[in-house]
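What follows is a set of structures to go through.
Okay, so chain A shows up in both of these, paired with chain B first and chain C after.
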Partner chain A sequence: MSYKIAIASGKGGTGKTTVAVNLYNVIAKYHEQDVLLVDCDVEEPNDLLFFSGAKRLDGEVVSHRVPELDLDRCTFCRKCSEYCEFNAITVIPPVKFAAVNPDLCHSCGACLYACKDHALVEKRVGIGELTRYDIGLGAGLVEGKMNVGLALQTPVIRYIKDKTRDFNGIALYDAPPGTSCSVVSTVADSDYVILVTEPTPFGLHDLRLAAGIAREMGKPFGVVVNKTGIGNNDLYEYLEQEGIALLAGIPFKKEYAEKYAGGALLSDAYGEYEAFFKTIANNILKSKGL
Partner chain B sequence: MKTVITSKGDSFDSPLDPRFGRCAWFCLYDEQTGEAEFMKNDSVDVAGGAGTRTAEKMIEWNVKKVISGDYGPKAKDLLDRFNVQLVIMKNEDKTVGEIVGKLKERSGD
Partner chain C sequence: MIREITVLSGKGGTGKTTVTAALAALAKTTVFSDCDVDAADLHLLLHPEIIEAYPFESGWKVSIDKDVCTSCGMCAEACRFNAIHLHHGSFVVDPYQCEGCRLCERICPVSAITSQRSMNNFWYVSDTRFGPLVHAQMGPGEENSGKLVTTVRKKAKEIAEDLNFSLILNDGPPGIGCPVISSITGVDTVVMITEPSSSGLHDVERLVGLTGKFNLETFAVINKYDLHPEMGRKIEKKLATLGVPLIAKIPFDENMVNSMVWGKTIIEFDPNAESTRILRGIWETITK
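After this line comes the complex of A and B, so read on.
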């Protein structure tokens, strides 16, 4: 059976990756189901850093279709440019200039529909990579990485999710920070969402936004409060008022931060840390009979 | 020769708008006739590609010089290609009228 859990946060630096890699570790160790980690933070994937013995298995280029202009056929009518919502095509009729800007293209195909002169042909352009890693325990890591300088997170995320869709077991999707399209596409088609936050005003502010997304998308979700002991009580009051499930609270400790910075898996390093993740895994999976 | 000064408003009292692609208004100044015309920039709120859209306009209007605060790389490439001179004004307090005045002085020399 397949069960997909997205790990998102709103605010960056709350501990999405920490939760994703440690939850993976604990599920791989203590649960019967196979578990797969999918790093969807395609601008800066860093799950790999926590698995020192990781071996690269294989990779694929992620590409999308971008129109190419045949200037011999182009009549500089500007139809393609008018159709393009993203201003990716420049046409300047008086100087007979036309060019496609692949960085701005979202691969929607509207320009091809607009062009009656057959001056546009699509070609594939690489926008990122998918890499599979054997990380010892579990079914491994699938990492998505977008090429530097692009703003095409969603097509890369959609591709890596598509490639892992049929995984038979528990798939963990580590989402990018924020609450924009890239997070929505990571959360889409997940069965459950873990929202990671911290008990600070900023953490609460962004949790409200992230919870709003999960609700609007009709996803069941629960909250992991990381770095407890800092900030104030507003977050807990919010969770109570809204009836949002608190999956676990992980205290802020300098030694955790030090170990984390050294690339250690905290659930391997500390028994009590492993216990937090056993609780999180049980809270989510037990109710599903997993 | 035509020059465009990016402007925050539609009069000579308006300060220079330091953003090229997303400036509020254009002051199109013709050095031959000494006439200036203000035009609204309809690319202010586009999601992306404002720079190239605005650069496109400059080339269509046969503008040879643009005075603004900053230019993005895509707009700069396109304007360079058509030999449009780019002037960067660091002093943002200057009004469009003052800049036009300076241009008039120079052409009078």
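After this line comes the complex of A and C, so read on.
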């Protein structure tokens, strides 16, 4: 059976990656189902840093199709440029100028339908990488990474999700921060969403936005409060008022912060830390009979 | 000449907004803009009084008219984003998969498909105790955040010109994707706020890879330095190799969080704090 859990946050730096890697670790250790970690934070993928013994298995280039213009065939009619919603094609008929900006292209194919002169031909252009790692326990890590300088997070996320769609077990998707289209692509088709936040005004403000997305998308979700003890109580009042499930609270401790900073898996280092994640895993998986 | 400075971080949660707000408290004749349009937090410390509000057109919302549709399936076949599905016998568009390319609308043989601009986003011009602020709020899952950032920055520039101000300070988004690119295109200086962790180290490298492409004056600050001095030294070394000057190291200060709870900057909350002193130094260095 396949069950997909997305881990998102709204605010960056609240502990999304921490929750993803430790939850993976605990499920891999204590649950029967196979578990796969998918790093969808393709701008800044960091899950790998927490598995020191990781071995690269294989990788592939993530590419998308970008049109190239054949100026011998182009009649400078501007139809392709009118069809392109992303301003990726510029045509200036009087000076017979036409060019495609590959950085803006979304690879939708609309220009191909527009062109009646067969002046556009698509070529594959690399936009990122997918890499598979053996990380000892569990089914491993699939990491997506967008090439630096591009603004094409969503197609890279779509690709790695497509490639892991048929995984038979529990898949954990580590989302990018924020609430934009790349977060939505990560959360789409997940069965459950874990929202990670911290009890500060920034944490609460961004959680409201993230909860808004989860609700609008009709996803069941629960909240992990990281760094409890800092900030104030407003967050807990919000959770209670809204009837949002609190999956676990993880205290702020300087020793946790230090260990995390060094790239350690806290659930291996501290029994009590492992216990938080056993609780989270049980909270989510038990009700599904997993 | 108006100088424009953007505060960035790569990794989220390193203290970008807290630092930007503190710098705002030190600034004179400066316009502020919040370029983190999908999780904007600067207003929680600057408490803007909104003067003007503008709607912002973002992506297309596409719909298929059931009564006109003949269920030929051409649209679903042509859509490269797998956004059109058969649902109870009729074709519907999944707004979360749709990229808004409008190809389906253009090829539908019976013109059953229409699209409308989503008006789910707003941007604002506000007054704050430190100066004018331009900020925005995107509706969840909206496209076009890069364009909204560009709109916000353009307005900040207009205001600076009108008031004859010399500086614009932008609070940037996390990551290295489209809104980040829009936040640094054409600016003079980037200040990177990082933290001493393995993730911080990794993200610094990716971010410098991006700012390097834009040939910008870049400064680095390591926040919460004492949480892991060894990792801090690794980042220092990495920055030296990358040729990015490290201009300050801020120690972990619980009052940074406490000041946020009170909706204040650390400069106002604890004027004599070590971090306040360091932030003053940062402001002097970057505005020299």
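Heads up, the rule we're going with is that the second predicted complex is superposed on the first by the 290 of 290 C-alpha atoms of A that agree within 3 Å, B and C clash if a C-alpha of one lies under 4 Å from a C-alpha of the other, contacts with A are read in each partner's own complex, and residues count from 1 in each chain.
Heads up, the rule we're going with is that a residue touches a chain if its C-beta (ideal position, glycine included) is under 8 Å from a C-beta of that chain, and two chains touch if they have at least 3 such contacts.
Only a predicted model underlies this, so the values are computations on that prediction, with no experimental measurement involved.
Contacts of A:Glu60 after superposition: neither chain B nor chain C is touched.
Of the two partner chains placed by superposition, A:Glu272 touches none, neither chain B nor chain C. In the superposed model, A:Glu85 lies in contact with both chain B and chain C. By the touch criterion defined above, A:Glu255 reaches neither chain B nor chain C. Shared-chain residue A:Pro94: touches chain B; no touch with chain C. In the superposed model, A:Ser182 lies in contact with chain C only, and not with chain B.
If you count the residues of chain A touched by chain B and by chain C, you find the higher number for C. Once the two complexes are overlaid on chain A, the chain A residues touched by chain B in the first and by chain C in the second are 85-86, 151. Here chain A touches chain B in the complex through residues 85-88, 90-95, 97, 101, 103-104, 151, going by the rule given at the top. Those residues of chain B that touch chain A in the shared complex are 43, 46-50, 52-53, 55-56, 59-60, 62, 74, 78, 82. Interface residues of chain A facing chain C in the complex, by the touch rule stated above, are 9-14, 17, 43-44, 46, 49-50, 83, 85-86, 106-110, 113-114, 146, 148-151, 153-154, 158, 176-185, 188, 200-202, 205-206, 209, 212-213, 216-217, 230-232, 254, 257-258, 260-263.
The residues of chain C lying in touch with chain A in their complex are 9-14, 17, 36, 38-39, 41, 44, 60, 78, 80-81, 96-97, 99-103, 106-107, 138, 140-143, 145-146, 173-181, 195-200, 202-203, 206, 209-210, 213, 224, 227-228, 230-231, 252, 254, 257, 260-261, 263.
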